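Chain nomenclature is as follows: A, B, C and D, assigned in order of appearance, with residue numbering initiated at 1 for each chain independently.
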Amino acid sequence: MNSFGKLFRTSIFGESHGESVGVVIDGCPAGVPLNQSDFTADFARRKSGSKGTTPRQEPDKPRVMSGVFNGHTTGAPVMILFENTDTRSRDYRHLVDVPRPGHADFTSRQKFGGFQDYRGGGHFSGRLTLGLVAAGVIAKKLIDPMHVNAAVLEVGGSADIEAAIDRAVASGDSIGGIIECRVNNVPVALGEPFFDSVESVLSHMIFSIPAIKGVEFGSGFRAASMTGSEHNDNFIATDGTTGTNHAGGINGGITNGNEMVFRVAVKPTSSIHLPQHTINMKSGDMESLAIEGRHDTCIALRVPVVVEAATAIVMADFMLRAQQAGRIFEN
Amino acid sequence: MNSFGKLFRTSIFGESHGESVGVVIDGCPAGVPLNQSDFTADFARRKSGSKGTTPRQEPDKPRVMSGVFNGHTTGAPVMILFENTDTRSRDYRHLVDVPRPGHADFTSRQKFGGFQDYRGGGHFSGRLTLGLVAAGVIAKKLIDPMHVNAAVLEVGGSADIEAAIDRAVASGDSIGGIIECRVNNVPVALGEPFFDSVESVLSHMIFSIPAIKGVEFGSGFRAASMTGSEHNDNFIATDGTTGTNHAGGINGGITNGNEMVFRVAVKPTSSIHLPQHTINMKSGDMESLAIEGRHDTCIALRVPVVVEAATAIVMADFMLRAQQAGRIFEN
Amino acid sequence: MNSFGKLFRTSIFGESHGESVGVVIDGCPAGVPLNQSDFTADFARRKSGSKGTTPRQEPDKPRVMSGVFNGHTTGAPVMILFENTDTRSRDYRHLVDVPRPGHADFTSRQKFGGFQDYRGGGHFSGRLTLGLVAAGVIAKKLIDPMHVNAAVLEVGGSADIEAAIDRAVASGDSIGGIIECRVNNVPVALGEPFFDSVESVLSHMIFSIPAIKGVEFGSGFRAASMTGSEHNDNFIATDGTTGTNHAGGINGGITNGNEMVFRVAVKPTSSIHLPQHTINMKSGDMESLAIEGRHDTCIALRVPVVVEAATAIVMADFMLRAQQAGRIFEN
Amino acid sequence: MNSFGKLFRTSIFGESHGESVGVVIDGCPAGVPLNQSDFTADFARRKSGSKGTTPRQEPDKPRVMSGVFNGHTTGAPVMILFENTDTRSRDYRHLVDVPRPGHADFTSRQKFGGFQDYRGGGHFSGRLTLGLVAAGVIAKKLIDPMHVNAAVLEVGGSADIEAAIDRAVASGDSIGGIIECRVNNVPVALGEPFFDSVESVLSHMIFSIPAIKGVEFGSGFRAASMTGSEHNDNFIATDGTTGTNHAGGINGGITNGNEMVFRVAVKPTSSIHLPQHTINMKSGDMESLAIEGRHDTCIALRVPVVVEAATAIVMADFMLRAQQAGRIFEN
């Protein structure tokens, strides 16, 4: 469904061209300070505008509709709403029967029997990540002094990001990219045995972000070609510090107190100006489709802040889950 | 926690050297035929014995303790038990304070305050995957005619598996590997929006398997260096068939009816004969540790059947979830 | 938390005097027709205005903010919002430290460490049931031809409701009441074994409604003084029809196809004009408290439509859960 | 399904005449001391033997199969198994098509399409409460110094329990009863807003126990005929102590620190010696059915220890959930 988390529970709703998108955070502890200005920095990072992103500008003003009182969370669900201002009736109807390659047009049509809101990707739009980023703002406060930082590592296979973007813009094509995320000041022993390992829960969340096609922790796929003596991280201090960090800060699914490191693969934006082949679902005829309008040349550029939010949400949940176990030992 | 799934719910329990390991499957529909012999093939594949796997042999006989009557599942929880026969008091006590690199010894000690069963990895042992394979046997019947097939793609960075194993055995070191899994006859429209995308739920499950450090779908990390015109899969038939399959059979988190394809990175076995450095948690002294006994040189060899089971369990759950939506359209 | 249901999942949010109250319904199947006018009848029933209810009038206009397109549910989450128009700064601050007897003032203060929104009961206000009634409107459509009907059986211990209300209004005191709810056209075999019996899940939901202090099914508490030969309902037809219905339509936690019947006890409204004793949490002094303003003399009068909504929501979830099991037998 | 709880998660499995019944407790904190003898007292109370209970005697020896090491819980799932020793092939086959009134025979047959284990009630047998009592033994340790005590208040409508039992035994009929449960030393502020009120979660659990048909808190159904000035409990101390306890220790769904009090109605045992009418599901003919063998005349006599276990399990879960919120205020 559209909810995630066990104790810090994030639920998203909305459509790209419907009335609104938004998020409900249930289980946020009371007493977290929260003001409108707290959202500014992360929303600016998610926004388009720089080269390689769509020039379309939206206000994206979050309205906190419940769960905050006198500048602090109350313990009741926090609902944050983004009303869609730009919902004038652009005509997407011709796309209903002509699914865009790489998009969810075909699968959502089949899943929801034709009742889906198909305008601009509807519920499958990247616009839904607004709610995620908003929840991330709160989660980042909650997990402090843990700190999450994600950045673009490469785009289009090149670490010279600007040059790669320039080439792609010129070609009318789109390119993918790789994001690396690091979490510092991670407490030892977050994560749960077996099905709720840190890798399990974090990858679950990360793969929810549209366009993600791979997740790897520490040495990741490179570990497959390493030997045990290379890959094993020797412990060098009783607090769990290791000499190397091939494990990405996680042993047996549980944080070992070293920096958490993981990378995600972002596929190239599905919407491209170049003509593509697809099929008309009603007539059965092949059609050539050139997607007009403005798109991100490289959606990966806007993903880091979403990955950060997703990670902070997961760590907040793990942190709350860990506290319950801790108490017993103290007694 | 130790449970997974929404409608087809798999819970595992047990320790490597405790009384038992096992699994409870709640939500398995009534009427699935199940006999003792159904487990034979997959358990043989998981078993050790071939070159590169530990020569230790265990019976691993599954006892169905509930939920099956007259050769069929009843609709009540199916509990499958593996009593540990080989629980004589090997002395693991000297390892309590000397965590093995790459293992969960350190993290489980911190998480459970010293109360964890540390013998042979305890609850974090690969032996827990017995329950997963057992549940997979049932799930595979349930999802028929969907068919899951996983195989080793490469080990130690080489596709010549036998040669790579020989080299590793000779060196006393261990090596990792890459597994590829394919699912055929997948119905269109499995998966749920946003947080329960197929990639999300499947990676959640797959990362539960010990030693997995990366998961990628379709072109995966390679997609990051592709262009949109290369990566997008053009639709060529109204049933959703695409000309290429860079997406790995999933659009917007939902199956598009093409073959599902994903790969997982398995790290090298953490237990190696070569001496390693670690730290004594009590004294704070560095210690040299050579892990005796018999281990898998390449645990990746035993992982494919576990990946298959994990995948079948996930697809069974998605299948049951999808049925509820379908009914509405019919009316 | 503030969510309920396994497949048809209802989440509520909001505060009595905050920005809004509302509901998110996740898992509602696509294709359910829904228009603004569908809400009218049930909202009118929930509204105050008749004798024994508060004369305060609010518009309570539901705004469907997501999940509905072209007059039908889309399969994405349905968010329904009620913006609070009447949020001018009434002064509740003097009540922060003086908990009203029978209300959640004391417990919410302790639970949320003083950060709770205390205005008008905040998140614990009966106003939150607006979201429940809205979700119930959709659930009722989904479960058709099942039909839920709840009515007041007695108030203040008397079946002459009007006379009892008149007496209570005159005295400045409040009175409780008993609601009976009946569900017709119930399919056989809804409900799940053990922890998710119909009685379990339904009582869970019903006790969420503020002011409910008892729930009984069929003969209920009277069954405790009956004999087995009196209480057992003899089967008289192969469709499960029984001669009597002491079980209230449920055997072993699962519907038997007969009418479902249960009763709920509603306590008297906690807010009364008569002076009460309470304690000042800061000073520790006893205080006399007379609650001013307009209250419901008998909140039970407004509860039936909420009980109906709650019941429909539960039955919708059971119905969707049942469909997944059914499919297997067909194959 | 067959699982209950959010952090302290209890899952039951098994059948009356299958291989076993048992329980898995996931989320039990590490470090809880547990020995075989801890189970003795509560299992003796659940056992039959006294007048009004079946003279059949079973060993009911719990085997702890996982999650306990060196006399303490480890933090991994605790599985407790009861192998059924008395599974010789009594012939229940003639009952398959002739559902016993008051039992789950008819509903389980319809729900599971004839695949259900029908022997002795199968998965719907009261024997499943063995697992609940076992989990309760652990939960009671966890919630200490909270203390749960349940006792029979009346049977067959009479508080003279022995006389009522004698009369019922003589008549060959069965009788019901009322159990009252009290919880002392309850911390303030357990319970969660709206759907997870203490009344909601506790009634959910209590109605899982076979034969329960009503639950009421504090004054319960009597509250419906009280006035607000009678029912409201005045606060008399800043720790939340109230002069009366009509609320049963709960305001707004959250514990107020006063004694928790609730009552449950137990229906008369469905199995009786007197002949009853039922219908043959295959032939459609009415049949007269006299249930042979030994049954409990008054199952209510064996219910108190089950109610205690159920209550302790619920309070353990609430306690663990509450700890996570508490930590935030401290910082």
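Rule of thumb we're sticking to: a residue touches a chain if its C-beta (ideal position, glycine included) is under 8 Å from a C-beta of that chain, and two chains touch if they have at least 3 such contacts.
Since we're looking at a predicted model, the values are computed, not measured.
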Between the pairs B-D and A-B, the one where more C-beta pairs touch: A-B
Centroid comparison with subunit C (C-alpha atoms), farthest chain: B
Subunit B and subunit D: spacing of chain centres that average the CA atoms, whole Å: 36
Mean-CA-position distance for subunit D and subunit A (Å): 43
Intercentroid distance (Cα basis), subunit B paired with subunit A, Å: 25
For subunit B, residues that touch 2 or more chains besides their own: 1-3, 12, 30-31, 75-76, 111-113, 123, 193, 325, 328-329
Residues of subunit A that touch subunit C when the two form their complex: 1-3, 9, 11-15, 18-22, 24, 26-27, 30-31, 63-67, 69-70, 72-79, 81, 111-113, 115-117, 122-123
Interface residues, subunit A side, partner subunit B - complex: 1-4, 12, 99, 101-104, 106-108, 110-113, 123-124, 128, 154-158, 168, 171, 173-178, 188-189, 191-197, 199-201, 203-205, 207-208, 210, 212-238, 240, 242-243, 246-248, 251-256, 265-272, 274, 276-279, 281, 284, 286, 300, 322, 325, 328-329
Residue ranges of subunit C touching subunit B (in the complex, touch as defined): 6-7, 29-32, 75-76, 142, 193, 320-321, 323-325, 327-329
